[in-house]
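Two complexes, one shared chain (chain A), two partners (chain B, chain C).
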Partner chain A sequence: MTEGALDSKTNARTPRSGGLLRIPFNIALVVPAQLTVMVVVVVPTLIVLWLAITDWQPTQAVPWYHAEPIWFWNFYDLWYDSRFVNAVLRTLFVVAACIAIELVLALGLALLFIEDWAWKKLAVSVVILPMMIIPVDAANAFFMLFNERGPINHLISLAIGQPYEFSWLSHPTWAMLPIMLAEIWQWTPLMFLLVLTGLTSLPQNQIRAAVVLGASPVRIFFRIMLPLLAPVIAIAVLIRSIETFKIFDPVYILTRGQPGGATETISMFMYNSAFVYFRFGYTAAAALIVLVVVISICIALSKPLKRHG
Partner chain B sequence: MSQNGRRFGPTRRDFLLRSAMGATAFAMAPGLLARPGMAQSSDLANVHKTAAEAAKKLAEGRSVKLTIMQPSGSLGNVKPVADRFMAETGVTIEYLEVPLGEITQKILLEAVSKSGSFDLALPATFGIPDLAESGILVNLDQYALKYEPKDFQDDALYTIGDYYKGSLYGYQTDGDTYVMFYNQDWLNNDVEGKGFADKHGWALKVPDTWEELDAMMAWFHRPDKGMYGGALFRTQYFIAWEWWGRFHAKGFYPLDDDLNPQINNDAGVQALEELIQASQHLYPGAKTNGLFENFEAFGQGDKFANIGWGGTQKFLNSDKSKLKGKMAFGPMPGGMVGDKLLRTPYFNWGWNYVVSSVSSEPEIAYLYSLYACSPAMSTIAVRDPGGYFDPYRGAHYEDGEIEATYSRPFLEVHKESMRNSIPDLYLKGQGEYFDELRVNLAAADAGSKTAKQALDDTARSWERITRRMGKRSQAVQWNFLKSSYPANIRSRLK
Partner chain C sequence: MDSQSKVAVALKRSAVVLAMVFAFFPIYWLIATSLKPYDEWAAWPPVWLTDNPTLQNYRIVFFPEAARTFAAEQQGSLDYKVSGSAWKAFQDSAIISTIATIFSVAFGTLAAYSVVRFRTGGDNYPFQFLTVRMMPPIAVVVPIVALFSLLRLSDTYFGLILAYTAFTLPFSIWMIRSFIDEVPMELEGAAMVHGLGQFRAFLTVTLPLIRGGILATALFIFILNWSEFLFALVLTSGKVITVTLQVANYVSASSGKLYGVQAAMGTISTLPVIFFGYIIQRHLVRGLTFGAVKR
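Entry: the complex of A and B
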């Protein structure tokens, strides 16, 4: 009997003989992909879920699968761990501030690049150059810039006419500024590229009609271009928010979360927790909380997309 | 609060348990009771020979290779000794260098992966409790019983960090006690001396107490004239060590017998407030400069005081420093407890030879560590002027090359400090306890928190850490550790 042939008596498809051959062909095709997903996503997720309810550390000298469950104590401790709570809030602030500034800068830059002008292609290459740089190198450059005896203080000294040696990186209020500037400098180009792509693909009919009717450029921008651009902006903000939430390189290079945890973001907190103190269980619980926060942000940011769709 | 059904309030059962633990700790204290090795008759002066002979015998007819995981920068200390061991035993030695601050983590990863990538390692002394609990370290008691000469440990000036819960886990190979450095020209300046005496009613001198040091740093701090009171560390990583010294000098242990933090008591808050006040009299780079920048900054000769280790002196006593031959030295300042001066020199770093439990040759690896830490071989290791290892055995202080590197006045102060050093917090989770302390002290120093808030927050975190680590298990080690404090200090701490 051939594969999938009809039984002459029952008029039903006969099962294939043995093993994988019993699985319908269309399902068999996706099985490898499904198994890969299982291994790559589901298994680690299950391990994280397990670790989150244990306090497993390598220092316990037991395999992780033999760790003693402590149920929700990690979550309880995280709730009262001011460093974790502050790290989450600080990261949310960094995301909000950086993304807002990047968006404004990217929009402004993109508007300059709508029309054709001489050297435009070269200028685009120059503008997107920062994001080609390895993040650690970019962060290192900002470390040098904001060093006590670095160029920033030197410029301020020249401006005010007297020596200026402010410790940017060790001041609890100002230490976050160089980190955020490094992030904004490096990743505004990505936002710029996304927004520019959106702007150049906007339907021109409405804009031409508005021009003919005598609408001012500002009015055209806010009433026509921006609403049409909203889905692109939402996607750009979504991508950058997720990326910025994971901000690590500039924090690690510039301050390592210092002084006194004033620049400790969630990635830095989890790095210390997992790879310095090997608190894998605690870090797994923190990761789950962060996952919920990030998913909530994604849902909130994707609402405009749904409306548009 | 309870977890996993455990109660932490004092109960009759707990009282009995603590009493038993106290007795156990007393029995485990090194030097208080016969250690296994005391039965051995091997001669201390020849221990390197007997260790090499034993290793050679064990390796006979086989091709044996040992791999040493070491912090980068220590090869100059390790290699001369390893070369001799190879020549004497036929055992091959290879090196695995890892970044200075990551070696404990790398060894802990080995506890998970069990790859057998190294046989011996040189972790920082304060990392040994976590490593011992992870199972990656060999308990060396059985080998010490077999090979260690009876006065091997007595000859070393600081051995507290070698033991965890009463068992031997490593051999100290670096004398990292805190020592103070002073600009001698400024200290001996008659004009400065008179002005200072007129203001304070006592003469400039090597300070005995933190209060005296703070007053002197304030006196010399004239940034407008390019003079700074001090170069003491104020970066997050280093700040806790100075506070630890200031706090102990007020007469308290960091934890009480029930593992409750005492760091946030009035003495702790006062120590932190004094540290914050002293920050005003440091050079501007104190909050950002790390270890080597600190050496260079003080070596410029425009600062009065600094704190550091033997490594600091190696730099300051070199041609790179303007202060070469122009320094006075002192032990870490103390405090007046009652009417008497309490000095609490502090051993806060150091490297130990340990043996990996995954090693296929643990006995030969142990013999190598015994060989490397023998008086003769460790003297060769400490001689390297560019390495990390500082003197820690009596023989080191008599060696001409070592004296040329460190100078006689420094060695005298260093030796005395080594003899009386208090230990770091050698508990499981030491890194976590200290990280919480560092973050909060740095926050207080930066003005984000008050001294009281910072120490209260630290105390709360410490309670959580203790609960997680297991209060009873921690209590065993804490009572052992307390019993290891130098007797003259132990009797005065509360």
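Entry: the complex of A and C
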């Protein structure tokens, strides 16, 4: 049941065009949506193109459309800006690590939920609770959990038998951990739901046949279930990667990229650069790079997705 | 896998219980902290379950009077943002989220219908909307701020509504598209044989059939709007305030030491979306995968 959403089994039907000057009916239907996207996405993208070659800052006396172009210096500076480069690398690391952990946890969890038992529904409802709450609130909860005087440090104290008041969020290396845990905690449930949906719609007779033939559960999992689950897993990984790449809310709430930019992801770097240091032109150049990369990936992906459909 | 030892079953169920504990614990901590009196907020060792539950934190959130009294007694001074009441945040969030949801679903339904039944714009066209969701919003936030200040849309309801509508359209178009896809074309054809125009046929035949799907889409998009943070953060400067902004204000106020109050705001702000989330639980997977995975 996982297939077939990306295609449209349409019986294409040409709309009746009402005269030469009238907008065809089918085009008129997409105008409101298209117009909104124009104003909020397309026009701003064009403005990015302009701002990226200027050094404009809101504190300057001239409005942005009269800014002085400095051409490609922003890109030159970005290339040598270790904070930007590190933010990019850090974001890629966060995406890879979070998605890998989420996927493993989700697969393991989903396997526990194949058969039916008395309180299964309740268990599902509790397990997916994290994805229901507002990301800012989830981050808020982790902010309190990882406080110097929070329950995590308390548990560690109890385990090692002496007081432990580590300040997670102001440590250059370890501050990333609560951020990633918040992300993993919140979105493993989505991965779990996707995998579970895939698992429950697997053809059961293949698995039964394998059981009858004496295959071990491990073998069944790796040789039958996993290959059949591949399309669902691909979609789950793709969607979660895109969303994790944008990660902002937990970073803002937990550290704001501090200490000293050590927890900046791409989004947090651009926020700080635009709204803390007011370097709009510079930020636009960074945004342009990200946009070009993301849009190329979109175009590259849209082909196999459609074929797969 | 029919024959399982009792030990195996017990192990599996314990693993499930463990997962439930992990899933619930941060939320438990949020709620537990929201009920703690002031002296237990940052106590060491931390208080896992307070003996003196109080609603004082919720009063501080909702009544400026309580906030001022609290400030005078304990903290000396509260951040000006915090001393304001959270009612305004709930009201603004409700207005913005509801209107943006209506726009998104209405525009999305029309566009989805056009894409499914007329193949408008070819096969590539719907992907254009997906691109909107793929790009990090931060990449267009800077130019949107520039554009909105030019159009005098900064710090207005309409500005945020516009941004939310655009960024939820990919979901509404792709989700509703997957619902329309499930209705056989022949039903509309039958209505057209009886003399209805194609659009009338859509309105009277298909639309009622996918009513549940559209409602689920609307609730889903309302959740997204209610939870949105980045646009609210950069496109407002005090006149408009959403619940997520209010949460962030509490966290940053007084260097994040208002644990009880921020927990109270966190708990209460997330209740509506948890409620809606469970109503549309069946459709969550479809929504979050743009209709690619159905159940």
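Please note the rule applied: the second predicted complex is superposed on the first by the 250 of 309 C-alpha atoms of A that agree within 3 Å, B and C clash if a C-alpha of one lies under 4 Å from a C-alpha of the other, contacts with A are read in each partner's own complex, and residues count from 1 in each chain.
Following the convention adopted for this analysis, contacts are C-beta pairs under 8 Å (C-beta built on N, C-alpha and C of every residue); 3 or more make two chains touch, one makes a residue touch a chain.
Note that the coordinates shown come from a computational prediction; the quantities given were computed from them, not determined experimentally.
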item: First (chain B), second (chain C), both or neither touched by A:Asn272; value: first
item: Which of chain B and chain C A:Gln204 touches, first, second, both or neither; value: neither
item: Partner chain in contact with A:Val37 - chain B first, chain C second, else both or neither; value: second
item: Greater residue coverage of chain A in the superposed arrangement, chain B or chain C; value: C
item: Touched partner set for A:Glu165, first chain B, second chain C, both or neither; value: both
item: Chain B versus chain C as contact partner of A:Leu109, first or second or both or neither; value: second
item: Partner chain in contact with A:Val127 - chain B first, chain C second, else both or neither; value: second
item: Chain B versus chain C as contact partner of A:Ala287, first or second or both or neither; value: second
item: Chain C-contacting residues of chain A that also contact chain B; value: 147, 165, 275
item: Footprint of chain C on chain A - complex, ascending; value: 1-2, 4-6, 8-15, 25-27, 29-30, 32-34, 36-37, 39-41, 43-48, 51, 63-65, 109, 112-113, 115, 117, 123, 125-138, 140-145, 147, 149-151, 154, 157, 163, 165, 185, 189-190, 193-194, 197-198, 201, 207, 211, 217, 232, 235-236, 239, 242, 245-246, 248-249, 252-253, 266-267, 270-271, 274-275, 280, 283-284, 287-288, 290-291, 294-295, 297-298, 302, 305-306
item: Interface residues, chain A side, partner chain B - complex; value: 55, 58-61, 68, 70, 73, 77, 80-83, 147-148, 165, 167, 169-172, 256-262, 264, 272, 275-279
item: In the complex, chain C residues that touch chain A; value: 1-2, 12-13, 15-16, 19-20, 22-24, 26-27, 29-30, 33, 42-46, 48, 103, 106-108, 110-111, 113-121, 123-125, 127-147, 150, 162-163, 165-167, 169, 173-174, 177-178, 181, 185, 198-199, 226-227, 229-230, 233-234, 243-244, 247-248, 251, 256, 259, 262-263, 266-267, 269-270, 273-274, 277-278, 281, 284-285, 288-295
item: Residues of chain B that touch chain A when the two form their complex; value: 3-4, 105, 108-109, 111-112, 130-131, 133-135, 234-236, 284-285, 287-288, 428-429, 431-432, 435, 439-449, 454, 457, 460-461, 464, 468
